[in-house]
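In what follows, chain A forms one complex with chain B and a second complex with chain C.
Then we have the complex of A and B:
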């Protein structure tokens, strides 16, 4: 039986959660922006280098406008990992990041949290890294759903962590 | 609202009820919304239902859990549905 893990994409509306979801699941990208209502769920089987397989079930949840506390608790039930996404071009999407991470850590003690800065194609990578460091804004990975930069590698690395 | 519209709302089935076995096989379904077959695993119906795999480990106190606005689909159609699990 394949190991199955539930991974939830969280973050403000408009940060590119659905674009990351579509890029990872179907290798597609669209410039058209449609607000996600509720939750889209898809599954992808990831083959690990050692031959093992992981069935990653990704939940693309509608974005919140203020805090991750606004997210329905039932959507987070049974999660194996959270991916908190922010928009590198919009400071308001990472303004409450540390509070949101603290809230998740406190309420979902066993669930690992990965932080992604998305829309890397719209900023200068070196400058944004300096800015995030100065502002004490954490990130595990900077991605571009548009160009596919770091997207597949990020999910592959997450799969490896989840299976260990 | 015109009478024929009233009829559509009243008599068009908007709810699908399914009963599952403890090993997650569809025992009964009215297939009002989605064509998911009896005697098959609910996990083959849609990845959303893989959530049920972890329910047993969660020791949920709740007997009813609601999931609003879930995008579901079968081979022919897709809909946004409110899903309620009643655990007995």
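Then we have the complex of A and C:
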């Protein structure tokens, strides 16, 4: 039997949601920045260690400018997981992170939220981790869509969690 | 001094200014007369030359300036293709529409002519139908060809856009159905959100020769891709069939087991619904 899960990428403009999406789906990366208009959707079948298969349908939606509240509600409905992405080099992209997470938790009670700090290739990992801890900014994983660091592992772990 | 001399001196004293003024006017009149006369003469001589030159110029323009203008236009079109296409689109659209209408008329006439020549029971039936309905035999034949056909059917989870099941009586698995299901849901959600229609749902999408019929249920919706003429009669039959299928075949068990669901879809629907 086919098992499908909807995962939505959220976050400010230009944090690298589409780059993560392309890296995960097609193992591609481009330096060229193109704003996502509306939404793009792709599916990837993930083979799980126990032999089962999971169709992960990822929705890469257009970034918001201020708060996640600006995101179109219809894109978020029926999600099985949210991935909130921020840019490690731009503080303004995680300035309202805690408020955004609170909003999502309140309105989509059963949907797990994963927080990703992207563009790890542009910062010093140790320094940024210290900075995030000091600022009380949460993260589940720090990734680089450009170098593919931690991207595939992150999605594999998410797939396992979604099946459990 | 004699009387005459005295009078002369007096005249000079009193009328010198007026005389000078009269002289200057006379001179100006003379100058103007000359100009008018010369212009007439000049025009008489020059006009034919100018006419010849103008004629020559008009004849030479396409040869001399033509390539330059064409080149400039080409360059302009190349640089602003979008603007040109934008401007031409409605005109071309109208032309195509007219052309298609004309071609359809010709096709109908051709079919009527050729069907008249051949005899078959089908033709006899069509002929009788044409006589009874007052429609030409050709139009009936065209209608037969434009019959609506079910190309693909999707059953999609309403909020998540996840594909529950799908069925295609004609095509193979060439499209990413999960992506289509997701995008359809996104479009549907966008339209329903954007126009704030309350509980209203998007029910139809037209795409060139295709129509996507959307029928909403509580937790899922059915999207049927139709080619051909999507008529009111067809819509009603399709709606009834989907309602009938939902009533008799869709339960929680089917929604959770997509293999079973797809089997039932295949049994219930055929490509020619009407």
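Throughout what follows, the second predicted complex is superposed on the first by the 164 of 164 C-alpha atoms of A that agree within 3 Å, B and C clash if a C-alpha of one lies under 4 Å from a C-alpha of the other, contacts with A are read in each partner's own complex, and residues count from 1 in each chain.
Criterion: a residue touches a chain if its C-beta (ideal position, glycine included) is under 8 Å from a C-beta of that chain, and two chains touch if they have at least 3 such contacts.
None of these values were measured; they are calculated from a predicted model.
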Exercise for review: Based on the superposed arrangement around chain A, label chain B with chain C as either clash or fit.
Suggested key: clash
Review point. Regarding the shared-chain residue A:101, is it in contact with chain B (first), chain C (second), both, or neither?
Key: neither
Practice item. Name the contact category of A:57: first (chain B only), second (chain C only), both, or neither. Key: both
Practice item. Based on the superposed arrangement, let me know which partner A:123 touches: chain B (first), chain C (second), both, or neither? Key: neither
Exercise for review: Name the contact category of A:43: first (chain B only), second (chain C only), both, or neither.
Suggested key: both
Exercise for review: Determine, under the contact definition given at the top, whether A:78 touches first (chain B), second (chain C), both, or neither.
Suggested key: both
Review point. First (chain B), second (chain C), both or neither: which does A:4 touch?
Key: both
Exercise for review: Find the residues of chain A that appear in the contact set with chain B and again in the contact set with chain C.
Suggested key: 4, 6, 38-39, 41-43, 55, 57, 72, 74-75, 77-78
Practice item. Going by the contact rule at the top, pick out the chain A residues touching chain B in the complex. Key: 4, 6, 37-43, 55, 57, 62, 72, 74-75, 77-78
Point to revise | Footprint of chain C on chain A - complex, ascending | key: 1-2, 4-6, 38-39, 41-43, 55, 57, 59, 72-75, 77-80
Check your understanding: Quick one: in the complex, what on chain B touches chain A?
Key -> 46-48, 50-51, 53-55, 57-58, 65-71, 80
Practice item. Using the touch definition up top, name the residues of chain C that touch chain A in the complex. Key: 157-163, 176, 178-179, 182-183, 186, 188-190, 192-193, 257-259
